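Letters A, B, C and D name the chains as they come in the text, with residue numbers starting at 1 for each one.
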Amino acid sequence: MIAPSFASRPRESCGVLGIYAPGTNVARLTFFGLYALQHRGQESAGIATSDGSRSYLHRGNGLVSHVFNEDHLKILQGHLAIGHNRYSTTGASRLRNSQPYLVETALGPLGVAHNGNLTNAAVLRRELLYGGVGLISSSDTEVISQMLAGAGGETWRERIGVLMDLAEGAYSLTILTRDAVYGVRDPWGFRPLCVGRLNDHGWVLASESSALATIGATFLREVRPGEVIRLDHTGMTAWQGVDPKSDRSLCVFEYIYFARPDSLLEGRSVHQVRRRLGERLAQEHPVDADMVIGVPDSATAHAIGYANQAGIPFGEVLIKNRYIGRTFIQPDDRLRRRGVALKFNPLPDLEGRGKRIIMVDDSIVRGNTSRAIVDLVRQAGAAEVHMRVASPPIRHPCFMGVDMSTHEELIAARMEVGEVASHIGADSLQYLSVEGLLEAVEAEKGGYCLACFTGEYPVPAVAAIGKDMFESW
Amino acid sequence: MIAPSFASRPRESCGVLGIYAPGTNVARLTFFGLYALQHRGQESAGIATSDGSRSYLHRGNGLVSHVFNEDHLKILQGHLAIGHNRYSTTGASRLRNSQPYLVETALGPLGVAHNGNLTNAAVLRRELLYGGVGLISSSDTEVISQMLAGAGGETWRERIGVLMDLAEGAYSLTILTRDAVYGVRDPWGFRPLCVGRLNDHGWVLASESSALATIGATFLREVRPGEVIRLDHTGMTAWQGVDPKSDRSLCVFEYIYFARPDSLLEGRSVHQVRRRLGERLAQEHPVDADMVIGVPDSATAHAIGYANQAGIPFGEVLIKNRYIGRTFIQPDDRLRRRGVALKFNPLPDLEGRGKRIIMVDDSIVRGNTSRAIVDLVRQAGAAEVHMRVASPPIRHPCFMGVDMSTHEELIAARMEVGEVASHIGADSLQYLSVEGLLEAVEAEKGGYCLACFTGEYPVPAVAAIGKDMFESW
Amino acid sequence: MIAPSFASRPRESCGVLGIYAPGTNVARLTFFGLYALQHRGQESAGIATSDGSRSYLHRGNGLVSHVFNEDHLKILQGHLAIGHNRYSTTGASRLRNSQPYLVETALGPLGVAHNGNLTNAAVLRRELLYGGVGLISSSDTEVISQMLAGAGGETWRERIGVLMDLAEGAYSLTILTRDAVYGVRDPWGFRPLCVGRLNDHGWVLASESSALATIGATFLREVRPGEVIRLDHTGMTAWQGVDPKSDRSLCVFEYIYFARPDSLLEGRSVHQVRRRLGERLAQEHPVDADMVIGVPDSATAHAIGYANQAGIPFGEVLIKNRYIGRTFIQPDDRLRRRGVALKFNPLPDLEGRGKRIIMVDDSIVRGNTSRAIVDLVRQAGAAEVHMRVASPPIRHPCFMGVDMSTHEELIAARMEVGEVASHIGADSLQYLSVEGLLEAVEAEKGGYCLACFTGEYPVPAVAAIGKDMFESW
Amino acid sequence: MIAPSFASRPRESCGVLGIYAPGTNVARLTFFGLYALQHRGQESAGIATSDGSRSYLHRGNGLVSHVFNEDHLKILQGHLAIGHNRYSTTGASRLRNSQPYLVETALGPLGVAHNGNLTNAAVLRRELLYGGVGLISSSDTEVISQMLAGAGGETWRERIGVLMDLAEGAYSLTILTRDAVYGVRDPWGFRPLCVGRLNDHGWVLASESSALATIGATFLREVRPGEVIRLDHTGMTAWQGVDPKSDRSLCVFEYIYFARPDSLLEGRSVHQVRRRLGERLAQEHPVDADMVIGVPDSATAHAIGYANQAGIPFGEVLIKNRYIGRTFIQPDDRLRRRGVALKFNPLPDLEGRGKRIIMVDDSIVRGNTSRAIVDLVRQAGAAEVHMRVASPPIRHPCFMGVDMSTHEELIAARMEVGEVASHIGADSLQYLSVEGLLEAVEAEKGGYCLACFTGEYPVPAVAAIGKDMFESW
């Protein structure tokens, strides 16, 4: 468990990877690819490989660097691999829920790594159970694996088609079979997935282009909504597994917060979009001030954009502890009152003394961190603190895999903007408009899931997914 | 891995336990029950419980005392439990293969703990795969669980019936559902299973009666071949799940070696049977000598029986290192030549000097330990070493779950008795006859699996079961 | 922590080993030597080596097999080594207190492994502290090491002499320097120490001869009280470091319980002495009965001796759980009432039903185990239980390293024999006399420490040793 | 081990902490204080406490958050504590070398935590050895502890005086005794140390003021060179333990790199000094360019200063992987060629395409990281890369505890600036002058150790300290 105050940003579940590289042992490359996707999930990591006849799997809890050692890489033989980083959206970390999921099937071994959330998982799960399949975990990934194992069809291509006909919601998958790696993206395109070339003979599928860059692969293109990519000895083959939905719906939070700034999304630099978000925010909500700061490190680019646009100097007042690790040790009451001081420290008040400060954050979910940060900035001597948020108020829960699933936890669902401002103790608070957001993304029209801002869900919202019916390890 | 010389006795896979005790947290009791069954498997251990609505599982590699701590017991809520000790018959220890196996099904949670080996597992496995179920392990227990999950029938009773109609070979099972614990024994009765009363309200199922005694339960009776026992709020209910086979086939090695001497089997004291095996051996194969010794600790009772019958003093020449633990450190060449000295030490030659010694062992599988032990006894100064084995020559592999599955590894399948004697360096070697064995057991006629001695298998021997198609952790 | 009922025998602290074997890496040999001495201490283990210029150390908590792996042996370079098994007499296991202790000194590296207890440790400790040395642990071994480091004298021989002049109480030491291994035994000879030949060029020092046998060394002789042995490139050199005390005082419990039965002590087989103890006990305290049993495993030889002498059949009623491991899990109240059933199980009452049973134990310290065992034997159906103890009543605490240091914990110090009998629930109870003990040992006259029986201490008893002044890890 | 490219910045050894807070359990507060000093050492961490009579210690390898759990805090009783974070300057991490070091002495328990390096450690060590003290480690801290244990003087005050008379080099110490905590700073003041007030009754000593802020203490003042601070029930007492040296010598790298930006040093904000270093660098070495970037995260402030001064926009091209953990897995050859891509990724070339970029770094030690980073910036499309370093060339090894102890490893000691430029592939390379450095620090005149730049050592450089004479764990 992280100390409470450390976990107040929207959290996403998972990064996926797939590699086909004949003549190579790909486990090492997969390791470094997962290393580059570590920001998408720190709960558990895993790699499954195939050497064309047998399959191998290693998974564990913790960071990629913690889960794997050289002995594990030696076991992970083969030239095909999929990998996964997971952020648990449940409280406990259960090895049983970690990925990839690897099963034997009538068509041979099958491995699945999944980023997203099926909105009809409960229905699919019930169908499997009543179809006579016992399930060992509460994960969508096991549901997907057993659906593929039990789907009609003599080929994996057919079975993937069946899956895509039935599954609803967000899924970017990499799939390992005996002799091929597949990439599958849901027809709405909620979660990113792209493909690259690895020197002359290999290909790589990854959640983000930055993972390609890290392992020396060249970005080719994104996988299209509803598309399936197969990588095998015939090269790369692509087809529409299911028609793309008319309301294409990339999660806009990938731009705002999730993706690495050095990733390319839809041909755009995530870093540049973040600067434009800040610029646009400055246009919509200017305020007279002496300094612009960002909440480190995620809002730095947004803050630089705001500062440049506003012509107000960019500065630093909050310092982030670089070496913070997970601890189960709780602060006592006095320390608790000091709140986030463990994660952020204000510069001595020489820095901010008497200044009017604009503090830019990328988003506000629950509001507790914001409150503590405003307090820290005041401790640093600020005369005024104006909070500017580079995304609209989050008023609706997400059912597509982002860890904000109830109205209650969303401060903007419970309070007006003015109330939020006084709750967090800011002199003023303004959010970017939805229009501003889309303009900054340079989206011509639609194409994004904005449900958490607007309440308009691309797929019908479903009953809350039941908790585990059993606890195991 | 144990140093090679430490593993040359027939090894069996698994002890099972099941407890229903309303108003109690049964995890602790299950822990101590498994503790008492530790001799049946040291590879991994696990407990699954149910509190009537949710189920809980904890498993791990190693001894029961290593796998569980107080925190685990706290998690394992409920008044119903099953437990398992496992001896891996595969080389590697894989957590994935550990038991109990717990799945969610259309009828709620299902846990299975298994002692035995299905002879038609490959066929059943294939049927599941082609029926569309993906399998994560190579264990029979997953096969049994998925068969129960997918069997027709609205009740567990019906489904267990379906399983018993299809499964062939050895299986003593304890099964956990939301509100009941079941005990199931195959129609041949290969492996033992008994039931006892726990004070006024509870019942216990266990592989051996000694586990009942350890936790303070009173032995009621053995579960009959083909019988099913259900323990729930209505008390204990029993029925024949399938007719018992006419050729009842308890594994006779339970008497010779596997079971704890303080267990009761078929109303007989295992300890007393072992003494009678020694007595009978003395009648069949007397030899003039000064002292009778047993290979410690497993052949002590057999040797005392031999000594008493022969009127030759019982003595000790070999001492077993009581604190031996698993080590991966290999002896170097010199130490290797000294062989089993790490496990056994001879008493100084004052003890055996110039004596003619009868050394009684319970059985010989591969012969390498015997050779080293004979050598140690000579080091202790023995003038003659006469080996007497309290069971017949093992000439045929076992397909019912004992770890001796190929002819090649069985020394008596490759050599005549005389050759074995000179191979192990004994002055003489004699085995108990099959008739003598049955008489010592006081078996009136038949009723036992003697396949490893006679080659007459109660169920058709099947093709060797394939290795894992994947390696995982 | 072991469950309380598992720890009621006198416990001794430590086995020591020393090897000099030019041209060999001795770490592996030392490992297997410690393996053979495991019965003398299971708390921690360690090995220190020297390659003639540098020294190396690895220590850890737990069994030898747990503490060392191949990587550790690779680090432990060199042809000189000392090793140590430790039984903590304090409640907590502290790595800081584990041995060998290795320090740099003006004469180069110095390693010390110690079996025994200094009776004037508090005085020596104070002298070191006031002499300006800071001490990191509460162990005598650190005291000995710092005394050697600070003693006058240009050679280790001189310094060891100084140490022996000052130290009082029990100490069998192995000492490692840059280019030699020393064996040192206190002038009373409280604890055993012997030396053997390892093929042509090497020598081995060990607490017991059985360790020599295990690693293929030939027993030469025991180290004499007050003697020092040096093993180096000049071969084996021996001298009296200090005159032997007139009242030679080998701890007689080595014969009764501590030593391995396959060890030779003073030319006598420990196993044979134990049989004679039983024989003599039968002569002193006969009783009409049907069966003689021993408390397994430590009193088996004593019981066989009793049975042979009395002409009453030797049998088994109690079975010891062979796979017991350390557990922190406590039995609940009901299980606690069942007491030692976790360690011992009685055979079913078929075995002992209606019989009059003589139960032989090697010794009684606190009495709680005895009480529980008598109860178990009654559960097995015994009509009468006559307890016979193969050593005299323990009425006085030990200050020479055996874990029974207060009068309060000794049942025979608080109660008359008749009271003890009814406390443990036996129909009768008799102890061996001191004379009988000495006769069984074949001691002509004196030569043994019998202080726990007689209260006559070879060295003056001292104030209880202070607890640690600090706790660390 | 960290992958080679991850370790190319000057590294310092250690942060120290001391707390006196009557009526409180200070272990938790100490934990969070160490948490705030984590940047000063990640190799091991430890806390020693005293409750006025007994002392307690827990130490371990790894981050503070890894070393301690709630159970450890419970053991660490008392209202006095010292703590330590260590960066090993040796290759291996040895628990034996971890701190604090706790010993029993004639004056009671003594704990020592040390930041710095004694330049005459070899001499002091020899004196201890020849004085008859055995040493278990190669650490200066043990030397200091044994000197204090053996120093003349009836009080700790006297003994600390003796130590300060003899010790040469860098030492900022916190010392724990039974009833007081001391802070000691060497007479040159090489390493920082400050003291703060903890609400009404307590005091805190810490390497940096940011640790005070984190745990809610108020900064009082710095400990003066040669000064000793005692915290006990009489409050805070201060005296000169030894006269300050005329050539006061704070390590200037504390400003450049080591200290947290939110710390105050000599009344100056470290963050502001870093900005001024950048401003001054821009004045000394202007160049025509389109964008200024900093090597994240350590040179961000310097780069912002440069950008503001030069009137060139500040931007980002390199992104640092925020979740990097220690891994033993080595990149294969292809990945190795890609070098630091695992730690830094360039933004896609949209960002830097065709731009002339000024890259500001805080310092260059070995040059290998610089080379890789320049390459990454070129991959991002930069037309020109001008390297500007906010400190002078490092040409001389440090003997005061910074991990750059040989000329060979210092690129500026082997090459002229022009050669370095072409070695790292930069279009131009300029370093800040020593004068510029001092001006940015606002040092009036002298007062700083600049030895690594100038070769003028405040204390005589000594022979390299020998390697360990033994290896242990």
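As a working rule, contacts are C-beta pairs under 8 Å (C-beta built on N, C-alpha and C of every residue); 3 or more make two chains touch, one makes a residue touch a chain.
The model shown is predicted, which means the values in this text are computed figures rather than measured ones.
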Pair exhibiting more inter-chain C-beta contacts, A-D or C-D: A-D
For chain A paired with chain C, centre-to-centre distance based on mean C-alpha positions, whole Å: 60
Between chain D and chain C, distance of the C-alpha-averaged centres to the nearest whole Å: 49
Centroid spacing, where centroids are CA-atom means, of chain A and chain D in whole angstrom: 35
Residues of chain B engaged with two or more neighbouring chains: none
Graph class of chain-chain contacts, one of line, ring, star, complete, other: ring
List of chain D residues in touch with chain A within their complex: 28-29, 31-32, 35-36, 38-39, 42, 63-66, 68-70, 73, 209-210, 213-216, 260-264, 269, 271-272, 297, 300-301, 304, 308, 313-316, 319, 321-332, 334-335, 338, 341-342, 345-348, 350-351
Partner chain C, residues of chain D touching it in the complex: 48, 54-60, 75, 101-106, 108-110, 129-136, 145-146, 148-151, 469-473
